[in-house]
Amino acid sequence: MFNFTVRRLLFTIPTLLFISFVIFFILDAAPSDPTGNLPLTIPPDVREKIRASLGLDKPMIMRYLLWCKQFFINEPLNLLDQWGLHLGDPDRLRVISFQTRSPVVDMIAERMPQTLWVVGMSYVVGVMIALPIGIISAVKQYSWFDQLGTFISMIGFSVPTFFTGVLMIVVFSTIVPRDSFFWFPSIYDTTLKVTDWASFGAQVRQMAMPVFVLALYNAAQISRFMRASMLDNLNQDYVRTARAKGLRERTVLLVHVLRNSLIPVITVIALGVPQVFGGAIITEQVFKVNGLGQLLIIAIQGGDIPTVQTLTFIFAVLIVLFNLIADILYGILDPRIRYD
Amino acid sequence: MTDTAIDIKPQRSQWADVWDQFKTHPGAVLGMIFFVTICLLVLFGPLLWHFSPHDMMIRDRNQGPSWVHPLGTDQLGHDAFAQILAGGRVSLLVGVTAMGISIFLGTFIGVLAGYFKRLDGLLMRLTDLFLALPLLPLLLVIIMLFRDTLRMAFGPETGIFILIVFVIGITSWMQTARIVRGDVLALKEQEFVLAARSIGTPPHRMILRHVLPNVMSPIMVSATLGIANAIITESALSFLGLGFPSDFPTWGKLLQIATERMTLNPAQVMWPGLAISLTVLSVNYMGDGLRDALDPRIRGR
Amino acid sequence: MKMKSILLGAAAALALAPAAWAGRGDSGHLNIIYWQAASIMNPYLSGGTKDIDASSMVLEPLAHYDENGNMVPTLAAEIPTVANGGVSKDLTSITWRLKPGLKWADGSPVTAKDVEFTANYCMDPAGGCQQLAKFADVTKVEAVDDLTVKITFGKPKPFPYGPFVGATTPVIQARQFADCMGTKAPTCTDANFKPVGTGPFKVKEFRANDTITLVANDNYRDPNKPAFATVTFKGGGDATSAARSVLETGEFDYAWNLQIAPEVLAQMEAKGKGTILSGFGPLVERLMVNLTDPNPKWGDERSTVKHPHPFLTDKAVRQALSMAIDRKLLVEVGYGKAGKVTCNVVPAPAIYNSPNNESCKTQDIAGANALLDAAGWKKGPDGVRQKNGVRLSILYQTSTNAVRQDFQELIKSWWKQIGVETELKNIDAAVFFGGDQSSPDTFQKFFADIEMYANNFDGTDPEAYMGSWKCSEIPSPENAWLGSNMPRYCNPEYDKLVAEMAGTADIKKRAELVIRMNDMLMQNYIMIPLVHRGNVAAAANTLTGVKLNVWDSDLWNVGDWARK
Amino acid sequence: MSAQQPLVQVRNLKMYFPIYRGVLRRQVGEVKAVDDVSFDIFKGETLGLVGESGCGKSSAGRAILRLYDVTDGQIILEGTDIAAMHGKELRQLRPEMQMIFQDPQASLNPRMTVASIIAEPLDEHRKLDKRARMERVFELMDAVGLNRDFANRFPHEFSGGQRQRIGIARALALNPKFIVCDEPIAALDVSIQAQVVNLLEDLQERMGLTYLFISHDLSMVRHLATRVAVMYLGRIVELASRDQLYEDPRHPYTEALLSAVPEPDPSLESTRERIILQGDVPSPSNPPKGCNFCTRCPKVMDICTQETPPFKKLEDGRYAACHLL
């Protein structure tokens, strides 16, 4: 398994390079433009000069190689710099955003906390409620619990977050009076630092609504897969055998069935994790969380190729990584699947 | 002889059994009735209803439900019921078709990758690539490349329909592919697959006969979720300028426009939301029932 | 001392404006929300309104426009004119004098060298300065002495107030930006995020595209201002939720650019927590008419002057299209208080507003039908007019935006009533306005018959704006589609008027010329103005001193704001 | 017995599973699941293949049916070497040889009816119309003693013995000449085992089948087999007719195996002397030098750790691989 992992990791390098090139190619081909959002009062010839100053007059392949150099060489060296290890030319250019003229990696680092707090937490909460709901729904198929769970999860999945989010704000930020305990802020304060209980409370409050909205959405999907997979396995003979052996029902379910049912669910969960880092564009926008999703969407709208490229690439790395983790987990959960 | 008598029995085929089982699932039957009703409504409703979705009664804007407009009117004075009916046509068609493409692609790639070890690495890296692609720029590229060509070939509405369905389909198959592959990997090691091999069953029939039926249940879930996903994605696309022309209502778009006026005219946000949710719910129950009905182990119970 | 405070108290009670008398920082904390987040605090590297507004709290120009469009000195001691000798008689140079004793936020003195440096910084060809147009024709900027700076133009400039007037071209500190010239401009992240300025606030923390935290500038020239000690400038979300946070939840004090459904806005305002402010600049939502043929069959020559449009070259058709539109309804549906009916492309400032085109203010479907009938356009069996096999079928494009989509649908229905068939198309704004060479969907390429967008000019002088419709401004493959003459209008008479204006200094004469040009465009229906759009903002009722300014930054006088 | 014709001739069959190690997947060795095995299977006989679990007997069975790609050697089925065959050629020969699996549950697709499971080989290889197909299915069901009414039922509705009958019916569908029975009774209750074995014997008689009967159950093999081959660690150590082998085992490993079989006769059982083997079976990826059995052989000699004993003919129809012989 270890060798499998290392080999796959080595194999990811050319894969990721290829992916990075494809992404760059698409970004370059896309018709959005860094001057597209500027006021029309800026005349066309000035726009051309702005484009030139951003290096957009150079051929695509040169710009790609430049990005590679900045991302794969200059950024790691810069990281070493911060750890006190100075190598090479200190004046090297980092990956600079078109829009903010600041290093993209720093912006990503700045946004990581709120994304992890809100989107990450919602994912954890989503999974935590989805698994038991899925399991119970399957074991007690067609019970009232199952029916209710199905109903809520379907609503949760089919009603988009741009609606549920606004609904929550209308109810809990405008209808509920400001001094009430049930009032929640509609705008996330990214500068809030948790230093004491009061600020912790404030943090929990401002996270409550976005986390709820997203968790509902995540839980809906995962609980569906969990339920289906459990149902599949509950009808297998080995379950009967296990019961016949006189094992306790709890053992049968939690040891035998659950383990086997988790395989497709693991895929879904693992595939969802990179999306945490991708941020939740709509929810972030509704609650003004300004995490990675918002960074990405603004960059895309602004034709900010270095930012989009870097974010998307990091995203790609995570996807490849978590797919690998999913594969390894398959091997652990199902000894029949062998990697050698 | 008895032979003939018994011969008739297998003619009754599994599908009859499946239907018998399906019928015993109240949720599934209810879901199906509901789904068929919605389909009929959106198919024939616009022909019967006395308002067209393009009628603008501009002086009767933002009205609540009334006898003339049972679901009220929107910000331009469109009859909401006519809009929901017309929007449903597009949304359902987009939802079902895009889901179909996505499920087909996902299952196809998942099965190939899981079954043929040699293809696994390549196909899974392809999946990684698609998962990693930034959706929005990709969409913009696709629009730029194909919108005009399709518009000229099929007219503005059909052209855009093909584009949207294609776009949603090719950007949402990856999860299905990964899940199916995982299941196939496990399934491939089962002895009955080996048994079929000893018979000399060629790979394509092996897949159709032995592999696919046994990975139906995650596919079914993906399909249900896929419809909802496609309906919502379509609305997001129309706000990127990739969607249907502005005077072409769809459920997702109606919901999104109405969300802004949620406090002003709550009814307008409720109807499209309800339509989407109930459709997805009914499809889900149908899928549930179908999955049960297709599984002989449950059918026997 | 005691006596003074009693007097002050009495005066305050009388004026009912105690805050105006308070000292620096007395009003505590101010929350501003911009639904587009600020990316950078340097207007020379970003022309986005959000960035210019954000930086206007920190950086200041020599002069501002006030809410009425009049220039008021900010860092300058007075506005130079020909009368006071500040502008040379031949109109080729302008000399600004700084107020004495000005200090940067770091305590160092503001000198004319800083102004000179700023000009050189922007005019560096490699820097990609986004305000370069403001420095058009500037040949030299030099510091005469510590407080005097002279700007020389290459040709007579009747309106020499381009550089350093308004929030788009503030003065930056030479010391801070010394190493940021040309290609190095983007590397100065610290300077771009935390510029040292002369404004009422200084940046404490800058989170790009998210939140800016500012504190009062200790060295601000007015010792009693600003009234707020700290400011949070939050970005992100959408206009509706920004409005909600001020008008409904009360979490924020000021929200910018609230282009949302008027009835929604009115409902929010009814909650009583805040007030909607609106003001009208020169922004006009208009339809551009394509005088050339966008038919794909022409390949690379589509939408170029080589192929005239099959029916939009007929003035009767253009006029009928305009007559069929009910502009009052458009205003009511799309903008409410934030819009006015207009029949001019230059509706403001008031002196430039032509009185000659009032007829368009009322819809006239019957008149339009009659006009088309007279011009020989007959209705076919499908209800669409045609002549010599040419059908009046229009592809109508615009950027994606809820109000624009509503407009499209309304206009389509009116045009249907006059026998014109319309196909609607909407394009992502970043693509539409992006000017990407490879995209067929840009507003410059104009591969459609009609397109709709809004445009205006910066500041109060429309000279450059009027030049947009010269023959030489027609976009075509030869000039890489760069050009602002979207209708592809070419009229030597019009060009002559533009040239005349460039040599006219007298404001009345200039206004006359603008009106003539405006009327020429309007009466030929080269473009069809729809709505004179205003700026809309919302301010909390507890806030005082807010004056919405459409000629300059929304936050131009944030130093004067206070809590009631 | 003498003029027997071999149906299957296995010559120097090798089935190595390569072992890859390290990041670069270099092949560092191989699991010698089947290592240089040769034997014949005569028409109409049952060759028993016995050995401890993991000795490679199942691999050998599957390799002979070409469910795996063989590493080296020949498998001659009625004069044709199928060891290197692929694709269509091999597929055409599939009807000749079939397999009965160990786990009757896992070897039946849970989503197919009994009829369609049994008919699958027919669908693959015979173009029959619906009616003829069903007739054949019923015929087979009759042959293995399944009620025709069960045709539309699904595997999970049956008991283990019935399921194995379905598996047998499927194997018989194409009238094969040769069937590999891979521990067909190991997963069944003892009472059912006898039924299935009797069925297999019965079918052999009626249809003239040839079996390769793989089992670790020596008494069942004794009951069923004509000749018996004993495998140890990928090699055949002894091959003899049933009576010879059980009455006079020559190889020390065979002796040890047989000593573990309980005698039905209590008087003999009491005198039975069990040979307890020391140690564990070595790993097939790293077999000992010389004789594979040298690490556990009670009669080990110096030469055993040096040279691999050849598989030599002791007398007519009797082979063994041991330096003692």
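Letters A, B, C and D name the chains as they come in the text, with residue numbers starting at 1 for each one.
Convention: a residue touches a chain if its C-beta (ideal position, glycine included) is under 8 Å from a C-beta of that chain, and two chains touch if they have at least 3 such contacts.
Fair warning: this is a prediction, and the values are worked out from it, not measured in the lab.
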Chain ID, smallest distance between chain and overall C-alpha centroids: A
Relative to chain C, chain with the most remote C-alpha centre: D
Across the interfaces A-C and B-C, which one involves more C-beta pairs in contact? A-C
Determine the centre-to-centre distance between chain A and chain C, using the mean Cα coordinates as centres, and give it in whole Å. 37
How many Å are there between the centre of chain B and the centre of chain C, using C-alpha atoms for each centre? 45
So, in whole Å, the Cα centroid of chain B is separated from that of chain D by 50
With chain centres taken as the means of their Cα atoms, state the distance from chain C to chain D in Å. 87
Two or more other chains are touched by the chain A residues 29, 31-32, 166, 174, 235, 300
Give me the residues of chain C that touch two or more other chains. 428-429, 431-432, 438-439, 441
Give the residues of chain B touching no fewer than two other chains, as numbers and ranges. 140, 144, 263, 295, 297
Could you please specify the touching residues of chain B with respect to chain D in the complex? 2-3, 6-7, 9-10, 14, 17, 190-192, 194-202, 205, 209-210, 213-214, 294-297, 299-300
For chain B, which residues count as touching chain A in their complex? 27, 121, 124-125, 127-129, 131-134, 136-138, 140-141, 144, 174-175, 178-179, 182-183, 185-186, 189, 217-218, 220-221, 224-225, 228, 231-232, 235, 252, 255-256, 259, 262-263, 269, 273, 276-277, 279-281, 284-285, 288, 291-292, 295, 297-298
Would you pull the chain C residues touching chain B in the complex into a rising list? 240, 260-261, 263-264, 267, 296, 329, 333, 399-400, 402, 405-406, 408-410, 412-413, 423-429, 431-432, 438-441, 447
List of chain B residues in touch with chain C within their complex: 54, 56, 58, 61-62, 75-76, 140, 143-144, 147-148, 152, 156, 239-242, 245-247, 257, 260-261, 263-264
Spell out the residues on chain C that touch chain A in their complex, using ranges where they run on. 33, 37, 39-40, 42, 45-49, 125-133, 183, 185-189, 192-193, 205, 207-211, 213, 232, 234-238, 241, 244-245, 248-252, 271, 428-436, 438-439, 441-442, 444, 453, 455-458, 464, 480, 482-484
